[in-house]
Every structure is written in C-alpha cells, then in structure tokens.
Amino acid sequence: MKRCGFAVLSVCFLVLAFAFVTVGSALVEAAPVGKVAIVTNTVSSNEEEYRSAQVAMEKYPDRVVHRTWPDNVAKEQEQMITVLQKIGADPSIKAVVLNQASPGSNAAVDKLREIRDDMLIIYCNYSENAPDVAKRADIGLLGNSMEMGTRIAIQAKKLGAKTLIHYSFPRHLSIPIFSVRRDNMKKKAEELGLTFLEVTAPDPMSDAGVSGTQQFIMEDVPKKINEYGKDTAFNGTNCAQQIPMIKQVADLGGIYVVPCCPSPFHGFPTALGIDASGDKKYDVEYIIGATREKLKEKGVLGRFSNLPVPGALLLSHTGVEYALMWMDGKTNGKMDDAVLKKLMEDFAGVQVDFEKLQDSGVVYDNLLLYIMDFIVY
Amino acid sequence: MNTCLLNIKNVSKEYNGNQVLKDVSFSVMKGEIHALVGENGAGKSTLMNILFGMPVIHSTGGFKGSIEIDGKRSSIKSPVEAMRAGIGMVHQEFMLIPGYSITENIKINRETTYDNIISRILSKQLQTLDRVKMAKDARRALDSLDIGIEEYVKIEGLPVGYKQFIEIAREIDKEGLKILVFDEPTAVLTETEAANLLSAVQRLAANGIGIVFISHRLDEIMDVADKVTILRDGSLVVTKEKKDTDPHEIAQLMVGRTVSIRRNETADQKKFGSSILSLKNFHVEMPGEQVKGVDLEVKEGEILGIGGLAGHGKLGIANGIMGIYPATGEAVFDGRQLKPNDSKNSIRSGLAFVSEDRKGVGLLLDESIEMNIVFTVMQMNNSFTHDLGFAKIRNAEAIRKHAKKMIDDLDIRCTSSLQAAGSLSGGNQQKVCLARALTQNPRLLLISEPTRGIDIGAKKLILDLLLELNRKHNMTIIMTSSELAELRSICDRIVIVCEGRIEGILPPDASDTDFGLMMSGSQRRLKVKTGETGHGGH
Amino acid sequence: MRGRKITEWIIDNLVPIIFVLFTIVGFSVSDDVPLVFFFRELSSRFFRNIILVLSLVIPVIAGLGLNFGIVIGAMAAQAALVLVRFFDAGGIPGTLLWFALSFPVALFLGYLTGKLFNKTRGQEMIAGLIVGFFANGVYQFVFLYCVGGLIKVPADHPMVKPDGVGLRATIDMGKPAEGGLQYAIDGIAKMPLVWALLLASVIGLVVLFFIYRKRRMLNRAESKFGYYFKAAVLLVAAFFLAGEIRGNTMLMNVEIPLVTSVIVVLVCIMTQWLVETKLGQDFNSVGKSQYISKVSGIDVDRKRIIAVMMSTVLAAFGQIIYLQDMGTFNTYSSHEQIGMFSVAALLVGGASVAKANIGHAILGTILFNAMFIISPEIGQAVFGQVLLGEYFRTFMVYGVIGLALGIYVWKTNRQKSLLIIKEASDSVSGYASGNSQEVKN
Amino acid sequence: MADIKAGIRKSGRLIKGFGLARLILGIFFIFLMTLGFFLNLGIGEIIGDILRRVGMNGILVLAMVPSIQSGTGPNFALPIGIVCGLLGIVYSIEWGFTGLMCLLVGFGMAVIFATVAGYIYGRLLNSVKGAEMMIATYTGFSVVALFCLAWLMLPFSNPGMSWFLGKGLRETVQLDIAEAGQVFNNFLMFKVGSAVIPTGLLLVFGLLCFLVYLFFQSKTGIAISAGGMNPKFAEASGLDIDRNRIIANILSTILGAIGIIVYSQSYGFVQLYAAPLMMAFPAVAAVLIGGATASRARVSHVIIGTTLFQGLMTISMPVTNVIFAGADLSEIVRAVIQNGIILYALTQVKGGLKI
C-alpha cells in the first residue's frame, strides 16, 4: 500500500511539473542580447578564480552569468554536467568560459555541445589531456607550464639555489601538463647543475585530505632544508601545498620560485597573513608591496619570486572580454589569436610570450599557451 | 495400530561430566499419544534435542544408545534430517515469522514451485512460487484442524492460540510426517483454546500419527494420552498405560526423590517476626516468566522458598521486586511502598538480589573479583571511594581489604582478588554474587536458582551458607529454585507458583504428591473437573 | 485514531515527503528553471543511475541492509573498462566484451564481500562502507603502481601516464564513430521522453489491472479504492502527456535512450520476478529471521552471499551504463561516490534498512536527482549564493542517509519496547532461549 | 543478550587476536625504521615528527575511549567534537585573544559547545541503540556539511580569518595571526640530536590521558564501563545506563573538541570546511591498532595505537618515496592498513550473531 502511495506521489509530482510546461516554453522563447557564462570553482576550492568571475560580473552585470562547479569536482562529474546543461538551456547565453576547466569538464562539454553546438567554449587553465580538450574547446588558454618548468629552473638558479625540489603526487603527475613541466624542470636543472629532487606528497583528494598534504609539507620542508641547506628552491603542483610551503620556506630562509597557479594572490597572503580588506581587495600593486614587507621582516627578501599578474583574474578577464567581442562580431571567427593576445597583454601590462600547445608532435591551433617574466620580491 | 513408529533405546547423554540422561528407552506406536512428564531438568528437553539432532548435542560429544524410526535405525545429525525422517515439533516459543502470511509460514522452505524458462536453464532455485497452490495446501492444513482464519493473514497480531495451531498446521503439512512432538503446547493457551488443541491432537492421532506429548498438566494427560512415561533426574521412572494410573500417582512418581540434603530442624520450632515484605496483586512483565497477580506475606527472619515449573513466573517475582522487569501492583517492604521498575530504590531500601542469570545479570565476567564484590555498594552509597569533592575515586586498599575478607569468609577459590570473575568455577562465581549481595548487608536477601549449574559439593556449601546467614544473623531470605529438594532442605515455608499465580503454600515436609499436584496446577483443575464431569471428554 | 494513523504514515514516509516538498519548493522559489532543462537532466541522470540504485534492492530483501559494497561492483566494471579500452575495443562488440569481462570479476569480488558480511553479521553496512575505502586502496595500488610497475605496458599508450607507470587520471572513451564506447548503448536508438512516459502510464494501467485480478484470484479482501485511485492518477498523467504531444511543446525534444530504458525495464522485471521465485522467498525468509530460516533448513550464509554477489554484479552493470553515458572516465574517482549516492537515492524513495522494492528505487532516483538539479537554484534563490546551495546539497545527501537510518532504528527499538513478550519470537532472543536450554540441562 | 554473552566470551580471544595484528604492525614499523636508518633519511627528525604527530592526534584518539567503554562503540561522529573545537578556537581568535590565552579561551568555548552537542548526540544514540556506529558516521558527515554553510554565513569580522577577497571564513585560518601557533610545542621544547621533542605538546597529551584514566577509576567512570560491559548487570545494580551513555559521549565530544585545537596549534592552521570529514577514521583505526576492541578500550591502547599508527604513517612516506620513487604507495599503504584494521575489528564486533 505504501508503495502505491509513492507511485501516486511521483506521478502527482510529474503532473505538477507538466503544469509548468507552457510557462517553461514561454520563458525559453525570449532571447535578449548574448550573454557570457563563466564557470569557476567554489570559493573554498579556489578563491581567486571565484572572485575573478565576481569582478567580471560587476563589470558587466547584465551580460555575464557566474556559475560554480560543485565543491568536490573530482567526485561529482554529474553535477558538472548539470551546471553546463543549465547554462545551455538559456538561449541568451552564447558563450561559456570555464575557468578553470577542471577534470570532468570534457564530459560536461560533450553534453553541452549536444544541445548547443553554436556555443563559444573557452577552456582556461585546463588539466585534461590536451588532445581531448582540443576536440571540444574553441579556445584553450593555459599558463605555459611546460615552458614554466624550464623557466623555474632558470629562475631558481638566478635566486641562488643549489637544489631544486618538486612536490607532487601521482594523480597530478598522471596529468601530462604537470609531468611535462616536471620533466622540463628536471632537464634544465641538470643542465644548470642544480640537484633536482622529486618528492611525493599525499594527494589532498585522497582520504588523507588537505590536512594530510599540508601536514606533510610542513614536516618535509624543514627536513629538506636541513639536508640541502638554505639554498634550496621549492615548488609544488598542488594549491594546497603552497600555503605551508611558503610559510616554512619564508621562516627557514629557503627559496621559492612561483606558486602552482602563478599569481600574487595565490598562497602568499594566507601564508604570510597579509591583511587586504576593503578597497585593497584587487589591488595587485598593494599586495606585492605588502608581500615584500612581510618577506623583509623575515629577512628573505630577494629569495622569493612570482608572476606579476594574477592568472585567474587574467584568464577570466580575457575570456569574458573575448566572448563579448565575439558575440558582437568584433573577432575574426571563433579563434582569433590577435585579439586574444592583445586582450591579455593589455591586462597584464607586461610583455607576454605566446605559444601553441603541442602534444606528441601534433600542434593544436586552438590551444594557446602564455607565459610572462617573473618579478622578484 | 501396532506398528512402532519411534523407538528410543537406552539413550544416555552427559554434558561435560554430569549425567543428564541415564539409559532411557520408550517407544511410540502408530496413532498413539504418548505423554512425557517430569520436572525441569528431568531430561525431557535433552531427549527431544537428541531426537531432533540439535547441534547442542553433537557439539557436546553426541549421545549413547540408539533411535529407531519406523523400525529403521536412524542417526539424525541436524533438525533438517529430523524433518526429512518425518519428525515434527510444535515449539514452545513459536517458530513463526511475524512479517509473513500464514501460508508463507506454513510453507517456509517447502514452497511449492513450478518451472520457468530460466529455472530450467539455471537452477531449480529459480522456479516460480506457485502461490495459489501454496494457499490451497495451507488452507487444507488449516481446515484439517478446522481453523476458520484466512491463510493470507499476516502472523503479527494474531492471538497466541492461533499461532500454536499454525505451528501444528505447518508440521502436518509436511508430507510423510510420522511423529509429532508437542512441547508444553497448552502452556500459553486459555482453557478453551487448550480444549480445541487437545481435540485437534486426538484427531491427528486418529490419522495415524504418533504423538509425543510433553506436558505438566496432568489432567490434560489423563484426557488425551494413551501411555505416560515419567522421567526423573534423567532416568526413566516408569511407562504406564493411562488406564492403570491416576494423577496422584503420576505426581508422586514425578517429584518423589531421595532428598539429597537432610534438614536437621523443622520450621515450627522457630518463631518469626512480623511481616517484612508484602505483595498485593503483584504483576511482573518478565518475558517467559510472567507473574499474574500474586499476594504474599514474607515474615522477618524466615527462609521463604518459591518453587514451581519453569515458565510459570516463580523467577518473575524476585525480579519484579528488584525492579529489573516492569511490575505493577503493591509491594510494601518494611512499611514503605517500593517504587516499581526502580532497582536503585529497591537496593537503597535494603534489598539484595542474587540473580538466576549469573553470567548475564549477576557478574561482570571480565572484571576482577573485588570490583564485582564492591560494585553495587560503591555505586549505591559511595563506600570504598576517596571523595575528592568534584569526583569520587575508588579506594583500592579498602576494596582489597574487604574483598580479602569476603573471599575468606565464603572461601572463594581464586588465585587473587584481581582474578577475572569469568575465570572462576560456577560455584565460586555464585559465591562472588553472594558476596556482593552480603556487602550491601541487606535486610532481605533474594536469591534465585542459587545452585543452578553447580556441582553437588558446592551446592551443599551454598545452601549451608544461606542457612547460616538466616539462623546466625537472622537474615530474611527469599530463595527461588526449580529444585524442590533444595527448597525443602532449608526453607521454612515453600510457595508453589503455577501459571503466574500462587497455587499454594506448603511446609517443607509436605508429601511429594501434594507438591507434584500443586506444581502441575492440577489440584485446582481436577477439583473443577469432578464438579462438571459431563464436559470431560470434549 | 485516524490522526494517529496519519502521523504514523508521515513518519514512515518522512524522507520522500521532505524531498517532494523540497523539489516543489525549489521550483517555486527559483525563478528560471527551464522545464526542458529540468527534464532533460532528470531523465539522463535517471538512466545513468537507476540500475546502480536497483542493485541495492536485493541485499535489503535478504536482510543485509544497504549494501555500501556496491562500490566494489563499480570498480569491477572499471577494471573491465580499462582492459577493453587498452586493447581499444569499441562500439557494440566492445560493450559486449565489457559486460563479459566485468561479470566474472564482479561475481568473484561479490563472493568475497559476502563472506566478509557473514563475518560481520549485524554490522554489514559500516563494514560495506569501510570495505569500499579498503578496496579503493587496492584499486589504486593496481592501477597506479602495478600497471607499468609490475605489469609492463607501452609507455606511449594514450591511457598510460607519460612516465609509463600507472594510468592517466581521465580516460576519454571516444565516440562510437571512432570505435569508442561513449553512448555505445544509449546511442543505438532514442525516443521522446513524453512518448515514453505515455507508454509507461498505459502499461502501468494494464499491469495495475492484472495485479488487481491476481489479488482477486487469491481472494484477498482489499479495498478497491487504492486501485481506482492509482488508475485515475495514471489516466490523468496520460491525458497530460497526450496534451503535450498534440501541443508539440519544447518538451518534445527531450529524448531518452531506448535500449537503456529497455535494459532498465528488464532489470526491474527480473528483480520483481526474482522475488517471486524460491530463491527470492528464501532471501525474504533469511531477511526476516535468520534463526527461523536456519531451523527450517535454509542455508542462511549461502543465501546471503548469493544476494551480495547478485547486487555486486548488478552494480557493475550499472556502472557500465553510467560510464558509457558519461563518455569520460575519471580513473581514480568515478566510483567513489557511487555507494553513497545510490544508497541515499534508495532511502529517499522511502526504502528502509529492512524494506526496499523497485518502486522505492525508481521514485528515489527521480526525487534524489531532482533535488540535485534544483539545489543550486535554491542556494541561489534562498541564500543568494550558489556555493551555499552546494554545501546544502552535500548536507542533504548525508543528512538523508542519517535521518532515514535513524528513523528506522528508532521505530524498531520503540516497537521492541512496546511488546517485550513478542521478542521471544524474535530471532536473536529465540537463539538465546535456544542456548539457555543448553544451560538448563 | 546472546550478543552480550558472545561479546564477553569473545573478548578474551579478541585480545590475543589483536595482540597478533599489533605485533605484525609493530614489526613492520621497526622494519621500516631500520630501513629508514640505513637509507639515512634522518631518523632523528622522523622520530621528532612521530612524537609531534602523536601529540597532535593522540587526544582525538583518546576521544574514542569513553564512547567505546560506554558501549556505543568507536565514536565515528568525532567530527561533531572537532567542529565544536574549531568553533571555539575561531571565536577566541575573533575576540582577539592571543597566544596561550587564545588557546585557553578556545578550550573554554569548545568545551561549552561540545557539552551541548555531546548531550544532544548522546540522546540521539540512546534512541538508536544497536546501530550506533552507522548512524554516528552519518551524523558526523552531515554536521560537517552543515558547518560548511555555517563557516560561510557566520558573521566574523577579523580580516585575518575571512576570505582574502570576500565574506565568510577562510578554508585554512592561520594561527599566527593570534600568535597561537605551536604554543604547546615550543613550551620546554628541546632537541636530542636532530630529534625535536615537543615537550609541552606531549605534556598536554599526557595530562589528558591521565585525566581520562582517573575518570575511569572514579565512581561514574566505573559505572559507565560496567554499563558498556554488561548493561543488564548495570541496570540490576540500579544504574541509569542511558544517562551514563550520554555522559560518556559528552566526554568523548569534549575530547574531540580539545583534540582538534591541540592539533591545529601544533599544525599552525585551523582547517575549516570539509577538513574534519574523514578525521574520525584514522582515530578509530589508531585505537583499534592499539589493541582496543569495539567494546573495550583503555588509555594504554590509545598511547600504543597512536604511536604505532602515526609512526607507520610518518615513516612509510619517506621510505616508500625512496624505494619506489614516483609511485605514491605510502598513500595506499595508509588506506589499506587503516581500513583493513577497522574491518578486522568489525569482524570481531559482538562476534556477529552465530546461528
């Protein structure tokens, strides 16, 4: 009898839903000027991305829509699909910027394409196999990690390092971008006569959790400094690693080249406890200054470096602006290098080096890599 | 009517050392109703366990002797084999699944099925249930007991009477049923229900099924049985045709024994004080041991025995008084009303209890002896503790000292007072329980089954101890036991409980017959019967 | 009296009620949820997950509670997938191979799990949960280290990490056109959701009629009202649907995978049919009372193991359906949430630790996923922040499981305390009296 | 009832069983240590780390003792306590306390929250007797999820804690902003060779261990364990079991709360949001490795277990890193050991109901 009760419930529920149908369809007809949807991680998993989207929204309140991936991306692919489906269902949205395009984006995008092949889809900071991305994205924007690998080694040398330590874990190294980055780093380091050291840290997605990772870093950095002396440069592939790493390196006077996701906002403020409330929120200059102060207090000035431009902000900005221009027909087709490059350089305010991504010999025309020079704190 | 269905030949069984069956033999003819009577521990259930190849038997080294079914010597190793051999059992506690319909219960694991494509390919396990046929069979079984109830009704919520019948229905539905055992079938039934059941039993017998009828209700036995076999202390007393015996004789044979422990003085020499505990219309909801309204006066300084058969509520009384099981009615101890269901209150007001369930309720088996001894007093009136104001920490020395004393007084055989209670022998465990009770120095000591599972030597010690407590320290004692002998050996008065009520109060030196009749509750009923003979036959 | 009946009913169905309300509220508060989007999502999620949820039904019937161990089934399917893709089989044959490979693996793992559950009698659920974590460790060991570490594989294989040890984090299963596995089943044929629902409601009516007749045959004195009511509702639904079709609204372009739905229907029928077999009845008996079943000669442990094996295999197939629809496969995380979500879904459908049927599974999957689709909207509308909706959703998942379990245990405990005497017939104490007899003699 | 009997009869054999499991792990541990020594991974520091981790996690493990003793089984709902602790410390920071004071106020608040939470949780457990472990697990999970909302919505003004760019609390709050990092660790800290001994931390842990030990020597403590061992007995002795179970769970929750604060101060960060979700499992595993069963646990079990478990975790990481570079076996080793141990314990719970 109970079961029948449920049957009834469910059917009622369906019927009720149908009652909306006309409303629903009516709602769908009206299609105003094109909008851009920007999808980021939740604030807790990557604050900067989240805020960067907020910034874009504030700039174009009626043309930018902000959605977030589920909090635990790795485990909730279905939810990612729903997010994009929701976007796809709104005909006024004509472009999507995925910043970042976390693992699982591909599946979601496939489903989105099924209902909206007209859409402009921009992958930012993607971590899935480049070939798969190239198949799905119109544009892929990515910090040039491979090149970064090489540059890190060089920069480390510049900062006076004798040893270069690379923290990562299998799940990350199973992502080609990271493994290539590591390999380049290794190659260059050895060329430059740096001792290159690879360390496996716990995976924050595993049941060790973020705490497990950070705890490990907290313990391991001092050990390494004891072992290899102060002139040791540290870097890691995972965001969770950065905070404890910066903290320890700063306290013990090691060397730190650049965060996993290069940006003045990344890691440093939390690790060094920088207060940037109120109007200072997005003030890059101020942050860099404040960071210098803190590092000075700890007497490690000149041993830390970073990229001058917050990556996430850059990408969101570029993505959104480009998408809008595309909608207004101001670009030459879906993939317009010139426009992209201009947008990025304008925002960065420094010289940016571009490159097309290539994976096992193939060059992917729609995947653009960018990189710029370090600033030293 | 003369083919021998079941033939039990000199069966003996012993559980680790103590003999519970000494070469018992009897046989059941086709269509015969064979009554099996005896006190608890007489060996009835063991005999049945053997007949059903219960794991208990084979895990404890099997049995001696042989069992023949339908003339063939059969060795039954498991209940399932027993079932196949055509032995059915109507259990005392029902083997019915409440969530199932009557049909499903009757047909459990014997469902009728028919083939389907998949079952043909894979296995018979996947045959479809033939619910219609199942219902028919169930119906037939029920009809043969003429029970009107629909077969698709769920068990839960049915009156016990029905359940009893459904148990029977299930057994008779088994094809090739030869022998059907009834274990105290009427124990839980009302008079009328019982009457129906008995007529049903007779009908079954008429259909040529051999029936073993275990009961304590001698009047029933006189009504239905053809033969009566009496067991006592694990050995066969006698098998008699019904016609050449009578309830009084049966009762006498059932109880009469050489009392193992002689009593040296008799009650009437002693003078008892005023009533210390009085129960009025006292009910206790103890599973399997319900008390249905007891009025009782306990005099200061006496040893009151409570006897009766298992499941009739003698154990319930003590547990009720101690507030361990929910009780209603009036219980006045020493002028003050005892709060029902409040052990704390009972203990505080000067009662101490040694439970019948030593391992379950009586002891913390893996705690030390000393903790077991002082536990209750420590909890109840903070003795044996250092008071630190914010907390009370246990006072090791004091505990040790007291424990030592107790161990010496009751001579508990142990390596040290720190030994785990669980590792002691039954007798010593019982002494530990007693020690705890005494540590409370109670005005009234309730002790249930003091000698259950204890070897004869230890029995004597414990009983003497109780006697001494009573006579020297004038401690009032209520002793509940299913062993008449020990009650009679030390008690001043013996209350016999039957079906949750007090059947009567006897002096320890009353005759075996009186005890037997009272315990089986037959006295009353026989009186009734002679009153209204006409209805005797059903 | 009637009042008490109603409250009883509410307590019994608290969880589903919460969710129906939740979804309806969600609809009303969140201004723009296009119906098309909603139904497209709901149907695709439904077909992805339903079999996984269905795989939980049998263990419940057999008294093992909610089998969190289905994660292991999912792992079996994934292991099979890895093999299939490694030799990059695809299309229909690839899929068949996939099924063929995952079957024995799941069967074996299911057997082991069953063994474990027999050892952890009474603690099956928590054991299932932990064994999931445990198996995950082993799974990672195999695919992160053994592959390439012990078993030699070509380092340049697209599935293998560049460094030649272990598999990549995500594996693209490729389109069937390129000999891939995505939509290998879903892709075969599609039909409009509306038609499907119409069909369903009509079939529903027919089935209803037959059930009604059967009950009559077993001359059950039941109230006809229930049947009339259901029939009426189905008719109304059918009417609406017909309306949709004639109006040819947007909803018409929501399509469902035909073959998959056929499979789902088959699984439903099989499960229902199994319950009507000897084996099913044994499961039922074991589930209701292990002691009595034992005494009546049912091999309890064996039945329990069989139940777990069935569930595990079904779970493996469920995961296959799930993955082939997803198209990309997160090597190290696709399986992790399976147990948690499926269990939650079943409970949402109104099942309990001791009672579950297809109806619960279907309704649960619908409501649960509806909640997932709606919750971000609610987060947006109520809390003004999508993120809050996110956390709220996680809370609902865990909360529901906790609540459902809580209510169930609370109810059983309460009943126990109500009828102490009945307990005698309860399996556990039934056993107790069994061995207290041993003490007596 | 049959279960209790079975349980008690088992416990004897159980100790042996665990003795074995413990032995194996112990040997494995020593093996890894020696290995680490020969691979000269700086055993000194490793020992230092182990001691610190023991101090950090010990109290969380200690929280298992009361709940186990009271018969509700390992406290899988440890996250409740943890969340209370986090709430406490966060408020203390919010109110601008610093250094030791900050922690002490944190303790104070935490204890208050934990008492309330523990009481409610205890009530819950009493109404779901028989399925405590399962329901505890999910209560824990949902509380964590619920507090994800709370962290984001609660009004906190201290800029050091709020998201750098917006409202709500950060995922990891740095204790340095209240100079409360490593306060205990640095108290009387000294070095033996390269091994850093966090004296203060160990003292705190030791103190709490002693208090818990003392508690179980007290009247109430004894009553609680009696109730856990044999409810019927306890009832017959006029004890209020439900009350005792609640007390025990309050205690357990409080320990969880204090535990997480000690953990955070040693670690230097307060981790909010999803961080507490899985924290119960290692703690449970640790106490079980220590030789506790799901029905009996002693303080000694906690100390042994924590040392062994954390020791394994600490040492296995660098060692495996050296041996199989590239493959993160240590992670897997942990997952397998931890859950394997819990499973083993479950197979012993109540011995199942044999039939």
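Lettered A, B, C and D in written order, each chain numbered from 1.
Everything that follows uses one rule, which is that a contact is a pair of C-beta atoms (placed from the backbone, for glycine too) under 8 Å apart; a residue touches a chain by one contact, two chains touch by 3 or more.
No experiment lies behind these values; they were computed from the predicted model shown.
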item	value
Chain whose average C-alpha position is farthest from subunit B's own	A
Higher-contact pair (C-beta pairs counted), B-D versus A-D	A-D
Rounded Å distance, subunit B centre to subunit C centre (Cα mean)	47
Centre-to-centre distance between subunit C and subunit A (centres being mean Cα positions), rounded to whole Å	35
Subunit B, residues touching no fewer than two other chains	none
Sequence positions of subunit C contacting 2 or more other chains	133, 144, 163, 166, 387, 391, 394, 429, 435
For subunit D, residues that touch 2 or more chains besides their own	1, 148, 152, 281, 326-328, 331, 334-335
Those chain pairs that satisfy the touch definition	A-C, A-D, B-C, B-D, C-D
Subunit C - residues contacting subunit D, complex	116, 118-123, 125-127, 129-131, 133-134, 136-138, 140-141, 144-145, 149, 163, 165-166, 290-291, 294, 300, 353, 383, 385, 387-388, 391-392, 394-395, 397-399, 401-402, 405-406, 409-410, 412-413, 427-429, 431-432, 435
Parts of subunit C lying in touch with subunit B, wherever the complex brings them together	217-218, 220-221, 273-274, 276-282, 284-285, 288-289, 292-293, 295-298, 420-425, 429-430, 433-435, 437-441
Partner subunit A, residues of subunit C touching it in the complex	9, 12-13, 16-17, 20, 23-24, 27, 32-41, 44-45, 48, 133, 144, 156, 158, 161-163, 166-170, 172, 182, 197, 201, 226, 229-230, 233-234, 236-237, 240-241, 244, 249-251, 326-328, 330-334, 336-337, 349-350, 357, 359-360, 362-363, 366-367, 372-373, 376, 386-387, 390-391, 393-394
Subunit D-facing residues of subunit A, complex	43-44, 47-48, 50-51, 54, 71-72, 169-170, 173, 198-200, 202-203, 206-211, 214-216, 218-219, 222-223, 226-227, 243-244, 247, 265, 269-271, 273-277, 281-282
Sites on subunit D touched by subunit A in the complex	42, 45, 49, 148, 152, 159-160, 162-166, 168, 170-172, 174, 176-177, 194, 267-269, 271, 273-275, 277-279, 281, 314, 317, 320-321, 325-328, 330-331, 334-335
